[in-house]
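Here come two complexes built around chain A, the first alongside chain B, the second alongside chain C.
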Partner chain A sequence: MRFSIYLTLPLFLAGCSGRHNWLASAGAEADRVEGLFWVLLIGAAVIWCLVIGAAVYAHRRQVDPSLETQARRFIIWGGAVFPSVLVGTLLVWGLVILRDITADEGDLTVRVDGERWWWRVIYETSEGDVVTANEIRLPVDRTALFRLTADDVIHSFWVPALGGKMDMIPGRETRLTLTPVKTGNWGGLCAEYCGGAHALMRFDAIVMEQADFEAWLAHEAEPAQVAAGDPGYTVFAEEGCGACHTIRGTEAAGPVGPDLTHLAAREKLGAGIYEMTPGNMARWITETHEMKPDIDMPPYPDLSGARLDRLVAFLMSLD
Partner chain B sequence: MRRYILGALAAVALAGGAFYFVAPYNIAASVPHLPGVANVLHGYLGNAVAVRARSVEIPPHVDLENPGLIRLGAGHFATGCLTCHGGPGIDRNPVAQGMRPAPPKLTSEDFDAKEFWWIARHGFKYTGMPAWPGKSRDDEPWAMAAFLARYDSFDRAGFEEAAFGRAGVYEPEGVPFGAAPAPIPQEVTCARCHGEDGLGRDGTAPKLAGQSGAWLARVLGAYSAGHRESGFMEPVAAPLGDEAIGRIAARYAGMDATWRGTPFPLGDAERGEELATQGSEHDDIASCVSCHGSGAEGPKRDDTPKIAGQDGYWLVNWLHMYRDGPVPETPRAHLMAAAARTLSDSDIHDLAAYFSRGP
Partner chain C sequence: MTDEIDLSRLPPPEPYDEARDKAQRKRLLDVWRAPPGWKIISAVNNDYIGKWYLLTSFAFFTFAGILALLIRVQLAVPNNELFSQSLYNQLFTLHGTAMMFLFAVPIFEAVAILVLPEILGARDLPFPRLSAFGFWCFIIGGVFVCGSIFFGVAPDGGWFMYTPLSSNPDYSGLGADIWLLGLSFIEVSSIAAAVELIVGVLKSRPPGMRLNLMPLYCWYVLVVAGMILFAFPPLIAGDLLLEMERAFGWAFFDPDRGGDPLLWQHLFWIFGHPEVYIIFLPSIALIATMLPTFAGRPMVGHSWIVLSAVGVAFLSFGLWVHHMFTTGLPEISLSFFSAASEAVAVPTGIQIFCFIATMLVSKVRPSVPMLFAGGALAIFVFGGLTGVMVALVPFDWQAHDSYFVVAHLHYTLIGGMLFPLFAGIHYWYPFTTQRKMNDRAGTWSFWLMFGGFNLAFLPMHWTGVMGMPRRVWTYDLTDGWAVLNMVSTLGAFVFAAGFAVLAVNVLWPRGKQPPVARNIWNAGTMEWSAEVPDKPWGIRSIPYIHTRYPLWEQEDLMGQVDRGEWFLPDAQEGKRELIVTDILDARPLFVQRVGGPTFLTLGAAFCLGAAFILATFHLWTITLIFGAGFAGFTLWWLWTGTSRIPETPEKYAGRGLTLPTYAQGNRSPGWWAVFITMTGDMTAFMGLVFSYFFYWTALPGFLPSADRLPGFGWLLAGLALLFGSWAMTVAARGTLGRGQRGLAMALLVGALPIGALGIGAWIWAAWTQGLDPTAQSFDAMVWMLILWMGLHLLLNWVMHLYVAARVKFGHCTPEYRADLMNLTLFTHFLALTAVTTFALLAVFPLLMGVGP
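Let's look at the complex of A and B:
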């Protein structure tokens, strides 16, 4: 009976499983932090036992004045010198990790700009910047250097399974490296409260084999294939969507919202929160603020019927 | 002791009740105030205006010397003020003179421009002086301030010319209430501010000529139904039915759409062009031309207004309206509100400088 309570512990640990699990060992940086975590956890447990043991021992023992000098020395070494050295060592260790995971070098560079409440993602390539949004793809076993900025308020960039987190601060650039070691779709999120839809500011971090990643990035760099007079693009243009959104290869060059050039190739809609389906897309356009409260994009409730269908079909064709 | 207090309170309550029900104080407008009362009330009114006008600031884009603004004030004066206050060389309506206080003949001496703005914006309780009909439009009463500050320089012909575009429109010496007995034709009512050619009489009112009929009908309908606030437009649009709205919209839509640009004295047109055509990533500003079109090509939808060549004064007022309210309650107004939300005052001036340059 007494031990049955421990049997429930795994239920609590279940909260740490899944794609947001920072103990998943999916990234080198997360592993380094995890190493520090275990040392801290086990070390703290051992020290706790020693301190409590010493206290109990001291309580039970008869007072022996002849040992006072020894006891004072024990307090100085055990109570002042040892903790200082230990905490100092841990600080240096932590700072070394911090230095390493914010190193200004990587196999590829990705700029991420925190917006309310989504992520502007820019891959730096030898042929120029490749702009996308709300989904980050990375090659396995390569170190990606993230240059992080924010436009409006402080956000925080975190892919728990891979590493981080790092604050994104308006007017400054912060850095973070991620070296994924396991392929898969790992979840990312904003870890600093940034206003109404903060909890819905997410993204997919998809780790791919090197060759797959390169093919994906090459495709992402291509402009969209939009036929002249595409009926869905006509709706897009007439509704003024291009005032905020860019679709490379068309006249739409708005700088405000997410780049939509390869929108439908993303797994999720609305910054990592909805499946990319035509139904969700239609709702996103017409009931925007029910889908994600407070966001800057205005809803288009008067779009319906064939016009909406054409627009959704067009957007879902942007792969 | 306590008994005396209770007794006194009961006596006061009894007296108050008696006063309330027997109503001995005569509130008849036909009977003058008791000696001194009118002076105290009027003095208090002056103080109340002076105190509140002290914190009023003239917006940077408002030029009280602007003849267009003065004409607009004169035009609205004819709509809303003339009947009670009379005008330069025009008598007050005898009905209004039976009010107490009787609406005074006005003079520029009475108040300064900020005080005139405050009075036009807020009106006076207990006097019959109404507040501004577009109840959140802080920008509009500046036209009244501009006109009233110049009021004494107008004679009757000058006033009629300013207010109606031509002298001799008002025949009766005593101004009528409502439309009777000599209604001004609708064409004159619109044209007196927007011009016979729909080009706004050199900055008196927005240019309408060649604007999309669907847009004009939507806006006029919104003014008529109280879905878009304006102290200028709501009173003249309120009586219009769908048929009249359609006819007026079609008439202005059919006019020559050549809008000459008028320079706007504030703002940086180059930066405005950049904002209007490209938007701003950092400041989350959407490009204007994606919906409104640039100079050469018009708006993409016919329920979107053309703005290239419109007077900067109106562009500034409208952008303030969409940014700070009152946002019109029309189907797509929230799109414009979303676009205006991130604009700073200087962005607005820059955009007005760019678009007012014309196509």
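Let's look at the complex of A and C:
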């Protein structure tokens, strides 16, 4: 018994450093809420002990009818005055924090569109929009303004380590600002149940040094380098992948699915759920619905052998 | 007259006569006895309906609890493939739906139907057949919704069914229809129960029990039933809009056609937040009833508790938006609703401190019910404190839709509702069965559930902090949630084991054990005056009550009641009789005769259930047939069971009190039931009005240009005709009162074509302008308002013909015309609906500068 506690403790602590942790201090907004969290947690623990202690005391003590007046005073002070002052103070503090963590503008603007069940990501730059998907990279210590929309159903955009969440609602645009302060790969998720593969709608939020970020964005803006007559691209074209997917620099310009121009440069496959490896890529193409049930992309179980290898090699070359 | 009678100076009772007592008891028994054998299902008495309601609710609780265990099994380890994504989505949707709609709210109704009349010292509720109808609707609808999972078509959109996931048939299948129609059907039964309970508390109190003497339990019932009346209708309006979009493509929630998905969230949470308090307050009511018993003294701060309950009820309607803090609302709305959400801590705090204060000035007897109440306090206070956290917007932006909120809501619901309920089960078990539950098993079940619950849900807060979103069927080891989830799963099974012990303890056959002593806990409230073994008549004679805790404060009350020294000790006419009193002072008004066992309510519930279920599958023809069957059964039930003209205008009720045997207008419970039902109906209509203004504020182009508006002239003509129809109904009431039966019938029947022309003019106004409900939200809204009016008019026609026939066959006469008075009341509400609709369709666009 004692042993098992020791065994779980490191796991528990390891959990504390999780990449979805609110308390990771990785973002300025999350930091403000973290401060609030600790005060609330300790305050709640104290109040709980006081209330339950009062109940236990009241239960244990001998009857003393002369306490009637005190009892009434106890109701007024404990039940009405104290909570009023407390929640009033908290309310003001909460609203101050709310004002601090929202902003109308950011150092950069990213549009994210929630799809079933992936993320269309568009960086607004002076040279025009840079389209990517399922991975968001941000420069450290810069405030990013997210303009959030949804195409089909309601989703919610959440990077717990960086800050709060905001819903993505069809027919509306919502906004969220995040200011990362620690580099690293933080987890992002869809927080609003969106049917089907909601559990598998994830993304990586990668916080980089400013210079690295700029280099990455410049590269991301480039079209893909596809040699004429690339055998893998031929399979891609023959199978009709371009009807849904776009690879800038080729004829594939489908608007339905994620942009694949720099697919292999992303760390994950299938909207933040699988490592980007050739093996996963091959499975993704042939056993799509085993890897992520219900999604719109049809599986290609007939693709095999050399044709599949060529296609996978081609896709893995899109960095 | 009764108004002048001084209840405290009644003539003394007649001397006790054993032969008379026996004869009276025999006659009462004959009248109140439930039908034998299988015919028991036709029983309508609150003892039976209440017990069935309770057991059925617990059956659904067990079902939803098993779903919860399956959820926990799936989440116990990362990357678990036990259940498919699709099945898991159905599991959690049905878990939430069944717990909320098939357990938490119905259990309030079940307990209230079972104990309210007895606490009031009444024989039964004023509409026993309505309770029976509500119960049968509940069980039919519940089985339908739950059964869907065995066919793999259970709802899978989450228990709050957000649009467009639920509104677009491409994203959601039959499950969404099952959810919408099945639950609308159950909502109808909830509203029926609410009407019954409100009228019960207001009109069925014993003589003398003024409002300020009413037991706390009854206050809570009144408050909660009132909340149901105002909270459920907006959801019914929302259901209607959503099903119209699903079935016929009307444009309410689709942004491409001028709809807005957020409208559903507003309508849902205007229901959904009060719902939380609808669940919570009745359980606090149980503690407020039990605590004085075990403390052996009245509650400290009685009036503060009442005021706090009312305060919570009011506040609960003003904080629904805290479920929508992450939808991008402006800061001003966030601040307002955050403040309102925090404010609710105050009246809740007062209630809890009143309980603690009562314990402070008394010596509380330890008992299993008090053990559960203590556990409830510990859990609920914790849930309340995390509630204060999530009511702060920045905190909520992190916590919302994470496991932190899952933990929070289970702490409030299980601590605020389930544990007090279990306390109540142990407390009232002897009242219902005349046996006592096993204390050792009770203690075991408590500690298993208390420990299991905390083991399952306390770590869940941390799971949320670690970023786990709710409603996910799988996660990865690298997410770091595995240990926490495993602990939660273990806790859930310990909790379930505790519930199993409790269930066995409840269901254990105790037929051979000796019955318990009467008033086993030495309580002060009237339900413990029941004889042991119990009799079906509720109370032997209906006493005059002038204290808050009559069994403590009124000497020898039980003996007086037993000897039949109080009112209505007999049933000479072979009828089930109740005393109806007035709302404020409980002066006796008249003797109400209520219906006995019948299969008609069962038939009506069956047909209505079939109609709803068939509509799910879009089998419109058979749906209509069963709808007609429902109408037939209901009319038959009303015709044979209500507003019967008494054989004598008044009767002697005992102790010098002679009471009328018939009442009409606002002296009769029927009139109040119509009034309260129509208040609920107007609330649903207000849901539509809210929708109209919501579109107008949210969408700049909602109002079309003048040439696309329904024609002003036709709308005005329609309104005039509808008013003409209303005026004829009102005139019919006057003419019948003057004895002109023929003219009254002519007016009643004549009102029909006038009304038809009126609604016809409105339909024409929209039709000629080419308004297409599938094209634009404005068009859909216009047609919805006209449809609402039309459906009410249709109902109104049936009522007119019914009352005309009652006049023709002599059941509704110049002296006894309750039917016509109730119809007139209904028609007043219709006129109000017509004016409001006209204002929305014709006047409002004009004020906004569009229109002719």
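The definition used in the following text is that the second predicted complex is superposed on the first by the 255 of 319 C-alpha atoms of A that agree within 3 Å, B and C clash if a C-alpha of one lies under 4 Å from a C-alpha of the other, contacts with A are read in each partner's own complex, and residues count from 1 in each chain.
Everything below uses one rule, namely that a residue touches a chain if its C-beta (ideal position, glycine included) is under 8 Å from a C-beta of that chain, and two chains touch if they have at least 3 such contacts.
Remember, predicted model here, so these are calculated numbers, not experimental data.
J.: Examine A:A243 and indicate which partner it touches, taking first as chain B and second as chain C; both and neither are also allowed.
T.: Once the two structures are laid over each other on A, A:A243 reaches chain B alone.
J.: If you stack the two complexes on chain A, which partner ends up touching A:E275: first (chain B), second (chain C), both, or neither?
T.: neither
J.: Report the partner of chain A that touches more of its residues: chain B or chain C.
T.: Larger number of chain A residues touched: C.
J.: Considering only touches as defined above, state whether A:L189 meets chain B (first), chain C (second), both or neither.
T.: The answer is second: A:L189 touches chain C but not chain B.
J.: Now for A:V256: first (chain B), second (chain C), both, or neither, which partner does it touch?
T.: first
J.: Mind working out whether A:G79 is in touch with chain B, chain C, both or neither, as first, second, both or neither?
T.: After superposing on A, A:G79 lies in contact with chain C but is clear of chain B.
J.: Share the list of chain A residues that count as touching for chain B in one structure and for chain C in the other.
T.: Residues 152, which sit in both footprints.
J.: Enumerate the contact residues on chain A facing chain B in the complex.
T.: 115, 151-152, 237-244, 252-256, 296-300, 302
J.: What part of chain C is in contact with chain A in the complex they form?
T.: Per the touch definition, chain C meets chain A at residues 84-86, 89, 156-158, 162, 164-165, 168, 171-172, 255-256, 259-262, 300-301, 304, 326-328, 331, 334-335, 338-339, 342-343, 345-346, 349-364, 374, 377-378, 381-382, 385-386, 388-389, 392-398, 400-402, 462, 465-476, 478-484.
J.: Residues of chain B touching chain A in their complex?
T.: 278-282, 284-288, 290-291, 300-301, 304, 331-332, 334-335, 337-339, 341
J.: If we count contacts the way the header does, which residues on chain A are in touch with chain C in the complex?
T.: Interface residues on the chain A side: 8, 11-12, 14-23, 30, 32-33, 36-37, 40, 44, 47-48, 51-52, 54-55, 57-59, 61-65, 67-68, 70-72, 74-75, 78-80, 82-84, 86-88, 90-91, 93-95, 97-99, 101-102, 116, 148, 152-154, 156, 158, 160-161, 163-167, 169-175, 187, 189-200, 273, 293-294.
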